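Some structures to go through are shown next.
Same chain, two partners: chain A is paired with chain B first, then with chain C.
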Partner chain A sequence: MVEKIKAELKATFADLAIAEESYPQSGYHLSVDLTAKDILNVARFFDGRGFYLAVELCVDYKDYLEIVYIFSIHSSLCKVKATLKLDPVQPVAPTLSGIFDCAYWYEREIREFYGVLFDGHPNMTYLFLHEGIDFYPLRKDRVPVSEQDKQELNSYSPEQREDSLSINMGPQHPSTHGVLRVVLRMDGEYIEDASPVLGYLHRMQEKMAENRTYQQFLPNTGRMDYLGAMSFNLGYVTAVERLTGIDVPARAHYVRVIATELNRISSHLLWVGAYLADLGGLSPFLYVFDDREHILDVLEAVTGSRLTYCYFRFGGLYNDVDDAFVLGTKAFVARMRGRFSLYEKLVGGNVIFINRTRGIGVIAKERARKYAVSGPVLRGAGIGMDLRKAEPYAAYPEMDFEVPTGKNGDALDMYHVRVKEMETSLDIIDQALALLADGPFMVEKAPKKLKPRKGDLYHVVETPRGELGIYIVSDESDKPYRMKWRVPSFSNLMAFPELAKGNLLSDAVAILGSLDLVIPEIDR
Partner chain B sequence: MEQILDLEIVKLVIGLLAAFVFVVFNALILTWAERKVAGHMQLRIGPKEVGPYGLIQPLADALKLLGKEIITPRNVDKPLFYLGPILIFIPVLVAFVVIPFDSFLQVKDINVGILVVLAFSSFTVLAILMAGWGSNNKYSLIGAIRSIAQSVAYEIPLLLSLLAVVMMAGSLSLKEVVEAQKGVWFVLLQPVAFVIYFISSVAETNRTPFDLPEAESELVAGYHTEYSGMMFALFFLAEYTNMFIVSAITVTFFLGGYQGPFLPGIVWFLLKSYLLVFVMMWFRWTFPRVRFDQLLNISWKVLIPLAFLNLLVTGGLLKL
Partner chain C sequence: MNKVLDLARANSLWPVTFGLACCAIEMMSAAMARFDIDRFGAGVFRPSPRQADLMIVSGTVTKKMAPVVLTLYDQMPSPKWVIAMGNCAISGGPFVFEGQYNLIEGVDKLIPVDVYVPGCPPRPEGLLEGFLKLQEKITGKRRFPGPVERW
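Take a look at the complex of A and B:
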């Protein structure tokens, strides 16, 4: 695939600088240097071949700004990094939002963080920030926001019409699970337009990362996705280990997988409960909390925390697991296997539940690709891409598990995918427990001061909500030069306005729930 | 003294006072029961700290609500805003006048008893609309609109299913309907009407799975979003009383009313009524909520044609 794409790229764009990269080191196979006139054609080239835009980000190298596009494909392993150098004084780049819908928000983010203007972008206004910020926060030098830019950034207001009612769903609303705000324009009970407003929990984690050593930033990762903290921890430590070349002992790998999968089950369980609460059934919430409690107890005993874990270290684990952990996990697995039939009776087989979710929020494969949705939402749409299989990390290469997919891409499919994923997680835990042998849990001589290699890395892991991508640029110091978090809920939420349009208010709640959003992760 | 007690108006006043006491008492018991039922259905045990088995808990809650400030948001339509929760309470009291708790325990046996109950229960919608409109809140307004559409849709099958029973009993008086069930309860003769009536009554009282007017995951709290303190408690009180009333009507029309062996009539009546109330609670803690269009479809496309058919068959059989 990589060879084919390279050859085709060369054939189509003769004067393009294409270089082959070491995938194990950098996380992508090809890198392409673009000029502003090529970018749209190259994007169309990848779009035509079924690629999705995994992330679009910007790095400030002081002499120039660099826009980085990562193109990836669901059906095989081929990643291309395309870069576009911009003048730091008046940065202007063409927009990709007309080709890949997911670029719409990424470019707004770059606009407010770096001051890059995207030519042709329909809405260059604040996404996370507000008019009180008078400099571009991610620029290395202090670059003030001019009055004119401020006005432009602040000019957006959702369209209002005489004959429709506009409703603020959130930031304090029972079913936005946190502080998401969606401005709905309604015609009676029907939604004409939905526009999410982000930033109520924005903490500028990416800037924080630049000011801390790699170790110091580790606890922050669990605070982004508080429900899948273990996956975020794992993503971060594996990324940094890949960057610094630390090898992790086998035992640590297996424990990492077990802990992460337990955390994944607890996240999905919580989703089932919260989703049913969204649909008006309050009892399942308590049932899933009963199950979840067992996971939390097991994890608390080894990690010391119940929600925002910080258990993994660069080179291994914080501490070794004991027999109680193994026994507790086994007991939980045995218990959980018997619970699925209960959930099927209580939730999955309920006529009202089926009628509320069937055919609701249908996301077609093509639209899923354009929005770069990932995780259970993507698999619900029928694309069986799981990064634990596609780009295995930790001990996942040795694990044998199924990737459940849906058929119709509706909310009901997403429910079934998540429930089946819990079952596959149990299978993975079983296998990892069987493979767990005595040995060191931490690499000998773990370096006190990390020495990352110079260069960049795009590392992805599968969190309960989908593709978490961490893009790190290192300048060999013990602090990252730039760290970008490509979070799954961000792109999943982007699809929401399109899914909600024309539906009833109740359906909007069902759709929003089916995407399984965690707001602190979106806002970072 | 005897003369005074015999006066219609005095009887009515005493009856209403008794009804008021019963309403408050009923709400206290039902809030406790609902929390206990919810608890046990959700792997919890419910309230247990205040009093034995948490029995004093509703009293503590009521005291708390009384102590709360009644917040009046800016820009509300004050007359409507204040009248809403009070008006929602009136039809509830009136219904108690005609319900026969026992063969001798009835404030007034009106010969069009059921019409009085149904006419006044429609009044509830007006109160909800006043609350929803007067609150000047979009969620409240949508909740009120839903409530109206729902009530209009479900009052028809409600009436039609009762009509079938009325035809068989040959009277609109509640007492005579009960007396007509001396031999066989109407639930056996009119099972379809019973099911239609019970579903519709759950919808009439805005209980899950038909609790759309106050769907908290969509509309925050629907028409009573802006109410606080005792004003909110009045809506609460009305909901629980309505639950009891629709159950009492079901018992009267389908389950033989106060009739039953060994125990006194009133005990049978309350036993049957609270059993139905329990079923409604059971619904609430088991089912998710239906969607608005589905809700209307159930009524207009299923229940109403079925009720008409039932009426037709009943009429035909009676003629034979």
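Take a look at the complex of A and C:
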């Protein structure tokens, strides 16, 4: 696949600088240097071959700004990094939002954090930030926002029409699970247009990452996605291990998988409860929290915390697991297997639930690709991509498990996918427990001061909500030069306006819930 | 007469359903079967601030969120109380660093806070203790025995 794409790229664009990269080191196969006139054609080239735009980000190298595009494909393993250099004084780039819908938000993000203007972008206004911030936060030098830019950034106001009504859903709303605000334009009971407003919980994580060492940033990962904290932990430590070349002992790998899968189950359980509570069924909430507390007991005993875990270290684990952990996990697995029939009776077979979710929020495969949605939402749409299988990390290459997919891509399918994923997680835990052998849980000489190699890395892991991509640029110091978090909920939420359009207001809650959003992860 | 009213208020605190960040999950845990906040009469979470008399600020307050928190507080009828749950709401917690641009370092810069519950996030027991402290503040005496001091 990589060879084929490379040959086709060369044939189509004769004057492009295409380089082959080492995938184990950098996380992508090809890198392409672009000029502003090529970028649209290159994007169309990848669009035509079924690629999706995994992330679009910006790095400030002081002499120039660099826009980085990562193209990836669902059906096989082929990643391409395309870069575009910009002038730091007046940065202007062509927009990709006409080709890949997900670029629409990424470009707004780059605009407010770096001041890059995207030519032809329909809406260059604040997404995360607000007018109280008078400089571009992620620029290395302090670059003030000019009055004219501020006015332009602040010019967004929801469109008002004579015959329609604007409703604010959030930021304080019980069913947005945090501080998300969605401005809905209504025609009677039907939604004409929905536009999410983000940034109510923007905690400057990417700025923080540049200010502290790799180790010091570790606790932040658990606070980004607090429901899937283990997955974020795992993603971060595996990324940094890949960058610095630390090997991890086998026992640590298995424990990592067990802990991450337990955390995945607790995250999906909470989703089932919260989603049903959104739809008006409050009793499942009590059942799932009961099950969840059993997981928390097991994890708390080894990690020391109930929610925002920081269990993994570069080169292993914080401490070893004991027999009580193994027994507790086994007991939980046995208990959980017996609970699925209960959930089937309580939720899956419930007529009210089925009627409220069937045919609601249907996302087609093609649209899912354009929005770069991932995780259970993507699998619900029928594309069976799971990064644990596609790009295995930790001990996942040895695990044998199914990837559940849906048929219709509606909210009901996403429920079934998540429930089946809990079952596969139990299978994985069983296998990992069987393989867990004695041995060290930490490399013997874990370096106190990390020495990463120079260069960049795009590392992905599968979190309970989908593809987490971590893009790190290292300048060989023990602090990252730039760290970008490509978070799954962000791209999943991007699809919401399209899914909600034409639906009833009450169904908007059902659609928003089915995407399983965690707001601090979106806002970072 | 006021004493009777205070007793009634302390034992039926109605919190507003207002989750900000990670701490909100522990707040939900506290309301569920194992920790059961209902035992102390504070389990009636109201989605509307107009029906509530207690605000649990459970998470980081950013500059963009600050006006919303203020509005919610103003919408609550008096007498009303505030619990700052977690380090973020107390002082900005782990997200304070030199050059930060989007954080309110402590919700007490915006609204008066009655009880602070430290932790990142606090355990549900911590939140329950916070409730007992608030009840003590309202009525003037503690209803349940406090934790044993061991250290």
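Quick note on the criterion: the second predicted complex is superposed on the first by the 524 of 524 C-alpha atoms of A that agree within 3 Å, B and C clash if a C-alpha of one lies under 4 Å from a C-alpha of the other, contacts with A are read in each partner's own complex, and residues count from 1 in each chain.
Criterion: a contact is a pair of C-beta atoms (placed from the backbone, for glycine too) under 8 Å apart; a residue touches a chain by one contact, two chains touch by 3 or more.
This is a predicted model, so every value here is computed, not measured.
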item: Touching partner for A:Leu129 - first (chain B), second (chain C), both, neither; value: second
item: First (chain B), second (chain C), both or neither touched by A:Phe353; value: first
item: Touching partner for A:Pro137 - first (chain B), second (chain C), both, neither; value: second
item: Most chain A residues touched (candidates chain B, chain C); value: C
item: Touched partner set for A:Ile167, first chain B, second chain C, both or neither; value: first
item: First, second, both or neither for A:Asp119, with chain B first and chain C second; value: neither
item: First, second, both or neither for A:Leu270, with chain B first and chain C second; value: second
item: First, second, both or neither for A:Asp187, with chain B first and chain C second; value: neither
item: Which superposed partner A:Ser283 touches (first chain B, second chain C, both, neither); value: first
item: Footprint overlap on chain A, comparing chain B with chain C; value: 173-174, 285-286, 290
item: Complex contacts: residues of chain B adjacent to chain A; value: 38, 41-44, 138-139, 142, 146, 208-209, 211-212, 215-220, 285-294
item: Residues of chain A touching chain B in the complex; value: 165, 167, 173-175, 189, 276-283, 285-287, 290, 350, 352-353, 355-356, 504-507, 509
item: Complex contacts: residues of chain C adjacent to chain A; value: 17-22, 24-26, 28-29, 32-34, 47, 49, 59-60, 62-65, 68, 72, 94-95, 97-103, 120-121, 123
item: Chain C partner contacts - residues on chain A that touch it in the complex; value: 129-130, 132-133, 135, 137, 171-174, 177-179, 199-204, 207-208, 211-212, 219-220, 223, 226-227, 270, 285-286, 289-290, 293, 306-308, 519-520
